[in-house]
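For reference, the structure is listed below as structure tokens.
Order as written gives the chain letters A, B, C and D; numbering starts at 1 within each chain.
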Amino acid sequence: MDLIDCYRAVRRHTESICSHLQTEDYVVQPVADVSPPKWHLGHTTWFFETFILKPYLMGYQEYDADYNFVFNSYYESVGARVIRTDRGNLSRPSVQDIYRYREHVDKAMESFLCAEPSAEVKELLILGFNHEQQHQELLYTDIKYILGNNPLFPAYDRQYLSPKADHIDGAWIKTNEGIYEVGHQGEGFCFDNELNRHKVYLNAFEISPNLVTNAEYLEFVNAGGYQDFRHWHMEGWAWVNDQKVEAPMYWYQIDGEWHHYTYHGLEPVRPHEPVCHISYYEAYAYAQWRGLRLPTEFEWEVAATQFKWGKAWEWTESAYLPYPGFVKAPGAIGEYNGKFMVNQKVLRGASEVTPPGHERITYRNFFHPHLRWQFTGIRLAK
Amino acid sequence: MDLIDCYRAVRRHTESICSHLQTEDYVVQPVADVSPPKWHLGHTTWFFETFILKPYLMGYQEYDADYNFVFNSYYESVGARVIRTDRGNLSRPSVQDIYRYREHVDKAMESFLCAEPSAEVKELLILGFNHEQQHQELLYTDIKYILGNNPLFPAYDRQYLSPKADHIDGAWIKTNEGIYEVGHQGEGFCFDNELNRHKVYLNAFEISPNLVTNAEYLEFVNAGGYQDFRHWHMEGWAWVNDQKVEAPMYWYQIDGEWHHYTYHGLEPVRPHEPVCHISYYEAYAYAQWRGLRLPTEFEWEVAATQFKWGKAWEWTESAYLPYPGFVKAPGAIGEYNGKFMVNQKVLRGASEVTPPGHERITYRNFFHPHLRWQFTGIRLAK
Amino acid sequence: MDLIDCYRAVRRHTESICSHLQTEDYVVQPVADVSPPKWHLGHTTWFFETFILKPYLMGYQEYDADYNFVFNSYYESVGARVIRTDRGNLSRPSVQDIYRYREHVDKAMESFLCAEPSAEVKELLILGFNHEQQHQELLYTDIKYILGNNPLFPAYDRQYLSPKADHIDGAWIKTNEGIYEVGHQGEGFCFDNELNRHKVYLNAFEISPNLVTNAEYLEFVNAGGYQDFRHWHMEGWAWVNDQKVEAPMYWYQIDGEWHHYTYHGLEPVRPHEPVCHISYYEAYAYAQWRGLRLPTEFEWEVAATQFKWGKAWEWTESAYLPYPGFVKAPGAIGEYNGKFMVNQKVLRGASEVTPPGHERITYRNFFHPHLRWQFTGIRLAK
Amino acid sequence: MDLIDCYRAVRRHTESICSHLQTEDYVVQPVADVSPPKWHLGHTTWFFETFILKPYLMGYQEYDADYNFVFNSYYESVGARVIRTDRGNLSRPSVQDIYRYREHVDKAMESFLCAEPSAEVKELLILGFNHEQQHQELLYTDIKYILGNNPLFPAYDRQYLSPKADHIDGAWIKTNEGIYEVGHQGEGFCFDNELNRHKVYLNAFEISPNLVTNAEYLEFVNAGGYQDFRHWHMEGWAWVNDQKVEAPMYWYQIDGEWHHYTYHGLEPVRPHEPVCHISYYEAYAYAQWRGLRLPTEFEWEVAATQFKWGKAWEWTESAYLPYPGFVKAPGAIGEYNGKFMVNQKVLRGASEVTPPGHERITYRNFFHPHLRWQFTGIRLAK
């Protein structure tokens, strides 16, 4: 696919995700971590306008100077921005205004892409595609939060295809002690946080070929796992008690049976599917209770060719830190990953809402340990 | 006008206020005090459904049982409710859903009103009309907040007619010491908080025939009034410093000139108009700085026949307390006023967005002393 | 008693209150409203140093310039100060340092008082005595909080003489409708908030000769009064739920029997004593539940010659507001009362820890409606 | 030294640290991270009583059952406890009471130690000694905070011997790429978090023989390092702005010259001493600004035999995580380290207040990245 087709495909996919929404669904921000869908639509557009069109398209006319303020996410280099918790207070620009903004930028991008861009710009473009794809995943998870926390529990799309569970009866996968290489290599795109490829020394370990299922996790719930401090980190225990957590996110007990909110609305929890929407604290506590542990991100990467993954982001024991030789890019693009490398945990794999073609064995996702609105699950190690 | 016409007129007026909004404007709640317009539309409808249709219309089919949870404001008697700060997180029911709900209830109400209702129901109806009219005023002030705090400062309605300033050059109005009667009397509608009519003893006082103007208030601003603790209550001074208050709400200095947000968008402040959108703390501090004071609500009521009022709610020195012999109505309706009678100040008069026919010399409006999003102004006394 | 004897008596009484404390008890500040006893000792001394010695005693040597910062309470006119919530973080000046400071100031004051002071200074002196007496009462209540919230519940003084209950079987006291005068008159000392004496018009009312007892209040507790929103102000109901209030302050249920913390340590609640340490919200809710109400401060003042009072500060329905003609004194002394006249309720009477000779029928005490650490009780009216 | 002498030495050293305090200094808790010195005195005693005397000394009489509640720090297994932020609100038990408690426990311990304890108890004893030594260091840092945040800036001990700076002019220390072993080995005591000893693969790196000095750090301050977001983590930048951080903790600018609070009181900052009392965020930002980085804990451990350390805890880039094969001990002792292994950074080395004999090349200290009240400094790597 050439660049212009890639551009179109990415942009259209974003809009197709939103096609199931009502106008009101684009606007709200029930918690700070979740952004209004219309903000995602504007922000991904602003990214191309700010980093491609303004610096590289001669004579480009900025759509609206105020949009820089509204749609900047966290790039300090490019001016003031609406603070994250305020995004849901903005009724304007309207959804229609933002679609017009997309149209304006898309038109300019398409004419810009008629000519072959320089290698430097090409790199930025690929980053822009990957950036918008990351927001596609966030759109899915933010929409789920918006609808799943509404007292009416509206469905997002009754035709949405949930992935099938496919449990493997195989034995745990063993890896020998020794030196292994981790990190990205080769020609394809990767984020700066996947570099440099480097050697690590691993002790012998075993890793499960399966994610923990709802049925297995329910045993922990029913055994009083949420009431016993011994399984938890101190901060995890405080979180459980402050937030009164008693089950994974989106789980509701109705007449004694556990249901969870899905893109189809409320449904009974299916025992053989991977447990999902749990925090790192819960993943850790579950593993403790089983007398096992979570893998490190390097164990995961080394063993991942030997099991199926991609159903749910998998919490690892690793903190999100720079690889040896990591260097931030100069300018605003350098703010992409590096400045988040504290207080977060690495997740590996992918989830059912990860954009197709976006899974990568070296991909390092990262979130704070208490967050649950992503599709997050557990794979055990020992 | 008969009841059915009244009902229609009230209901239509609510909808006409919203006719200038885009769908997104109905949804957001930038601060806890402001409710999303779609919530007002639903709540006023819920009021008729809950207090008239359900108890008095035989065979009435509730529109949606979940709406009771969503649209209850503060009536503890009628079940759980969405907490106030969460109203802006709800994208559903959609605006269209709520208009359908209004239609459903309106149809039922109109058929109900074909027969002459009992005196008891009639009283509830009149309360319902007045209730919806109060929400019409809140719609105006909440919409102003929603648009006036948007970085794009969109106009609400460029045809909106602002009232003209009409300054009177007359002398201050004097009232002699003595016994006066205050509180509602006669046949017309009043809220329970305006009763009983009772005698008060007033010392001699003088009251200004005019509201304080923007030009006069600017003298206070320019004299450093916001920087001098001596004019302020201790809690007012803490509020000024915590919130970094430097001028009335909606005022912005652009290139050295004061502008304020109006229903037409940002406009230069007009010197001869009454100052508006100030807190009680500011009204008090301004009066202190002038060596004067605010009137009590009884002084205001006794003198009000002798001056023009209605441009802006006027802060009084009086706390919002029950009149002698005040009794709460039994049931949910009894929650209407009584339970707010602590920590609030009385405002008298009316504002440019008070529904026509709703002004009343005995009307007691009330807000917490730090609030400014209503049209609130200052009349001095001594 | 001449001034110098008065001075000595007041100062010694303050120290005698503290004589039962251990050094550690002087230091802590478990909540913002409570000040460490050593702060009271320093602050009352600072008052005489700042308002008498520095301006009026020629050649007076300030004890320590830093103490102005440490011991200023809320006087903005006299410089920066330690914010209230930080008082309990200061281990220095030590208790001994502060007693030395008292000695230094006392010596200077005594030499100053050898000569007859001017009328102006005399007025300040009387204010200083009354000020220190108010802090004596606060010392009692703050010490009770400090010890009563310690998990060891240490006694303050086992010899402390609690007042005897003296219930009167008499009928309710009736007062006719009419004009009455309220406010201070005559030669004796009063605070500025008791002036001017002025006329009020009262409707006929009845007031109870007795305070509500623990036994009566327990009926409210046992009847589920704390679980029924109908009796409460909206803000009171939020307070009950946020703070999980279920009984008066200092009440603890031990093996099914109610105990309360007293200056002797934990003791069973005595049924015939006045209920104490309740908030205005509780007083109001109790009255509502009985179908009665609290008196206004004017009703109280007019009727108070006909009943015994002084066991516990009595919440009134009145908000704390200026009397007609109220003027703040110029300078720092003017900050004494006026700037608190918002969001507080008036209490009338006196309590068992009010300094002898300090009760006054026109005295206006005032606290925020949620506070309970003073000796506060209920007298009903109708 | 035999066990009984060890016990006495440790216990006496704790008391000698407190010997410079006034009674009031034992009581306060200016921030949640700092505990009142009397709490440390009680808690270390409670540790021996709870984990040695109660389970192992036949017929031991508990000193006071309430003390378990007061002096438990974070051991959920051994009952409820005073929440950390409330420790400074407790005036009782008094300092004298706590010294009596120490005496009681010391007497019992000494009689217990007359007989040779079992290997299991011996291990617990050694843990108890190390535990009390850790609290000795906390006593030093907490006392510094208590006095250094008092507006009078009292000295702790004018005879306190600050360590001399000893800058080495040598070149950076180089380490080759390869496999290294880290973690504790041998007979001596270590904490569970130093185990297991295991292999790591390190890339070639260089590390500085010196800590960053005050003079070097001042260049960062003067270059506007605290005002430029590019050097900071996103959470670090938020911390700088929320807390208005402009220099290391305890630094105050007086007449244009930087001073800092030391155990002697306020003194001019000495340029050639290591910069101290900085957060991880500051250490990271400083390194970024220099174009360098912090070492990982493994780089540090491998190179540490080649440079002098021990002046100040050194922030590393490593997150605090379990070593391969880490297992929590069963029971309350298992709460010692494991449950803190999230959201914290590892510090290596030791500081001027680390108890003598307590430094260990494999010792893993850990704190949250924003904390500064420990003696924390910077060593650079590349």
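Just so it is clear, a residue touches a chain if its C-beta (ideal position, glycine included) is under 8 Å from a C-beta of that chain, and two chains touch if they have at least 3 such contacts.
Composition by chain, UniProt nomenclature: A, B, C, D = Ergothioneine biosynthesis protein EgtB.
Computed from a prediction, not measured in an experiment: that's the story for all the values here.
Common neighbours of chain C and chain D (chains touching each): not present. Legend: contact pairs of A-B compared by residue number with B-C, A-D or C-D; the interface matching in over half of them is C-D.
One simple way to say how far apart two chains are is to compare their mean CA positions; for chain A and chain D this gives 36 Å.
Rounded to whole angstrom units, the spacing between the C-alpha centres of chain A and chain C is 57. Multi-chain contact residues of chain B, defined as those touching 2 or more other chains: none present. Chain A makes touch with chain D in their complex at residues 74, 76-77, 179, 198-201, 203, 229-230, 232-237, 280-281, 284, 293, 317-319, 321-322, 324-325, 339-343, 345, 369.
For chain D in complex with chain C, the residues that touch the partner chain are 22-30, 38, 66, 69-70, 82, 86, 88-95, 146-147, 149-152, 154.
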